[in-house]
Every structure is written in C-alpha cells, then in structure tokens.
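Written below as structure tokens is the structure these notes are about.
We just call them A, B, C and D in the order they show up, numbering each chain from 1.
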Amino acid sequence: MIKITYESFDLEKEFISISSVSNGAYSFFLGAVRSDLSSSNKKIKGIYLECYEELALAQLKKIRRRALNNWKLNECLIIHRIGKLDLGEKIVLVITASSHRTKAIEACEFVIDSLKIDVAFWKFHLLGNDEKEIVLQKNSDGKKMLKWKDIIN
Amino acid sequence: MIKITYESFDLEKEFISISSVSNGAYSFFLGAVRSDLSSSNKKIKGIYLECYEELALAQLKKIRRRALNNWKLNECLIIHRIGKLDLGEKIVLVITASSHRTKAIEACEFVIDSLKIDVAFWKFHLLGNDEKEIVLQKNSDGKKMLKWKDIIN
Amino acid sequence: MNIKLKYFSWIRVKLKKSHDLIEFDQTISFKELKINLISKDPVFQEIFEDKSVKYFLNLTEIYDENQKLNNGDILALLPPVTGG
Amino acid sequence: MNIKLKYFSWIRVKLKKSHDLIEFDQTISFKELKINLISKDPVFQEIFEDKSVKYFLNLTEIYDENQKLNNGDILALLPPVTGG
C-alpha cells in the first residue's frame, strides 16, 4: 500500500490495515518535522514538501516491489505527506511485515534509505514571514545507499 | 519508559507519549503472535507469556540505558505483554527516537535483539485442550515438550 | 508538436513557474531543446550545467542527449530529492 | 535462615510449583544448596546439569558455586529466555 497525502495518519490504524496473523514482526520507520536551524541559523517554523506525484508513486512502487521480493515480506506500507507541515508533524511512514524480525528490520531500512535518495520529494524549511529555504540532499544519504548495492538484485 | 503489562496498547498513543519536536526519526519494532505450527505440527491457538517481573524490569532498564547512551537517543520506549495472547496480538513494542534515522534504527534493533536473549520472559504455545508447549530459544537443542495444567491463572 | 516541461524545487523557484508548454514545428532532440531553452532564458544555462539535475521523460530518467522528443512528451527537470 | 527459590518456564513445570521457601540452620553456599535440593527431589539433578540454566541471586546472575547465601535471599532458576 502506497499513499501520498496532504492528511496526517494514525499509526494504529495504518498498522491494522496491514496486520495479519502471518506476521510475527513489523518494523516501522517514522520521519517527523524536527525543530532545526536553517542554514542562516534561523529557527525553522515548519516545512513545505513538494512532490512530482506521478513519478514519486512510480518510484515508490518500484522500491516497495524490491523490498517485498528481496526480503520475502508479507506486506510493505509507505505513506508520505506533502504540503505544509508544522514542527513535530509526521512526514513519512514505512511499515514492513514479515514472519521474522531480521527481514522486516532490514527491508524497512532499505525502503527509507531508497526513498531519501530516489523519490521525487523536495523539502523546504519555512522560516516565517514567507521566507523559505531549500533543504539540500545530504551526502551521507547517497553514501548510505551504497550499502544496499550488494544486497539487492 | 518501560512497561510490562497484561493489557494491549495503541501505537498512536504510545508514539504520542514519547514524541517531541527534537526527534526527526522514530524506529519501531513490533512483535506479534504469529500463526505457527508447534513442534508436533499442531496449529497454535495463541501464546502464554511468563515473566520474572522484577528481574525483567531491571534487565530492560539496563538495555534501555545502554541504547540511550550508546546511540544518544532522545527517547526509548519498551512495552512487553505478559499472560495469554491470541493470534495476531501485539507482544512487544520498542520505539527509539533520535534526531537522525540511522541511530534510531540501529538502536531499535539492538533493543529487540537484547530483549530476545537477555530478558526474563518465556513463551509457551497454546495448542487447545489445555495442551501447551514450551517455546525454545532458537539454536538451543533438545525439545522440551511438556503437557501441564495449573500453570496459567 | 508540444512538449510539456515540469520544474521542481530550486528550478521552479528560479524560473518562477512550475511548468511550460512549448511548441515546435518539428521533432527535436533533448540537446536541441536545451539550446532552444537557453536562448529564451539564460537561467537554463545554470540548470543544464548543474550535474546533479536529473531529467525524466514520461517518468523515465534519460541520460542520452540525442534522445528524440515526441509530441505530448512530458520532460521534468529534477534537482536532487530530499524527501523522507 | 530462609532462602526463597523461584522457578520459571520448564523448571516450574517440572517441579509443578513456582517457588519454595527453604529453611537452613546455618549459612550455606550455592553448592551446598544444590546438593541439599537434589537430595530432596532428583528433578534438581536434571536442572543443575543443564548448562543453559542461569541462576540469579537477588536479581544478579551468579556464576560462583561457592557464593554464600544469606537469610532472605531470593534465588531464581531460569531457563533460556524466549520473550519478544
């Protein structure tokens, strides 16, 4: 299940939507808007998330399919918010479900790592007074992705 | 926050209880009762979880403290159920909260791995007709199938 | 023929618009499109010189400058992504 | 002096009880306690021979056979854990 949405979501409800007695293990990753400083040392007030929706959906489907196949998952849910978000709000949720924990945990990390460098979302810091700042991609995210090269076909 | 409880729990509520704008990343591990076969190939109907509560609490505190210190987490929540659980029910929840995702994910896996081998909980498969089977720690040899009665309150 | 261009993130901000619909008399290549765009607005020079920008033609990344563009194609200009 | 024994998992099942309160006239070691228990119930022989069983004295694991036990001590006999 993949969703790109302006709305927030409830963790319990999303869990129930994919839960099944075949799953002994669920791994979740939840990203949220962190209170941070802008590059000009201003306190951020929130973020704005831009998205190329058709492409992002296609990219997320591909990542999900890879995770399901490679780790033989029973389920994989990905939700990503777009639009304006306040501090503390949920941005992204990944849930992987498997019989066993190691697979669920590893696959969940793969999904969020892939999403960070391969899916058409862009973050802006909102600084108040209509001021915005583009968030730049972290070098470390690209490097981290290299570790999956040997694991995934 | 550490809880050992007979009651189930709501993921959204537990998340809210530890969420803060300092956290950009939360990693969750959720263990659940999986539909499985007993060692004698019978379908399990549920599980019973026994616990040495005073010891388990002390052990969980130690693991939590280690995770908080080692990965500089902002929070770490551990909930473990005890008593009788049906198929599909939640057994254990670990949530780690950090500024950055790699720390949260790694610490969460550490906590659940430690819990599996170092905390005083014991699982029994419930097979119906008052039949029970002790679940053995993985890799341990020898099967200790036991039929017994007056164990579950 | 028509090509739809889609702009995201800093490219959208720089160009002050999210898309363009451009008409050509005949089929052109991606390379020819680039030259055409730079001639209209020098901001495109900066965009095309940035090696981190990716180009997606109808949702598939393109690498070949000589890629032919067809009527109705959607070409998106994407800075490095920062979601999650 | 009194020692409280706590049994878990298959040990509890085998002994058909979850705990015991045992009185001794004088301080004893863990080793002496073991001998005493085996003399009362041969099931303890099997327990003490199982190298996977752990012993916790007042919530701290003990490894030393010569560990002295004191009045009010709680000694728990724990098979390998299987929570999570």
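Going forward, contacts are C-beta pairs under 8 Å (C-beta built on N, C-alpha and C of every residue); 3 or more make two chains touch, one makes a residue touch a chain.
Source: prediction; values computed, not measured.
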Statement: Every chain in contact with both chain A and chain D is listed here as B
- line: Outermost chain relative to chain C, judged by CA means, is D
Query: How big is the gap, in whole Å, between where the Cα atoms of chain A centre and where those of chain C centre?
result: 27
Message: Could you work out how far the Cα centre of chain B sits from that of chain D, in whole Å?
response: 26
Message: So the centre of each chain is just the mean of its C-alpha atoms; given that, what is the distance between chain C and chain D in Å?
response: 75
Field: chain B and chain C: spacing of chain centres that average the CA atoms, whole Å
entry: 51
- prompt: Which residues does chain C have that touch at least 2 chains other than itself?
  reply: none
- prompt: On chain A, where are the residues touching two or more other chains?
  reply: 31, 112
Task: Pick one for the touching-chains graph, please: line, ring, star, complete, other.
output: line
Field: Partner chain C, residues of chain A touching it in the complex
entry: 31, 49-52, 54-56, 58, 80, 91-92, 112, 115-123, 134-137
Task: Mind listing the chain A positions that touch chain B in their complex?
output: 10-13, 15, 19-36, 87-88, 99, 101, 104-105, 108-109, 112, 144
Task: Show which residues of chain D lie in contact with chain B when the two form their complex.
output: 6, 8-10, 12-14, 16, 52, 56, 59, 76, 78-84
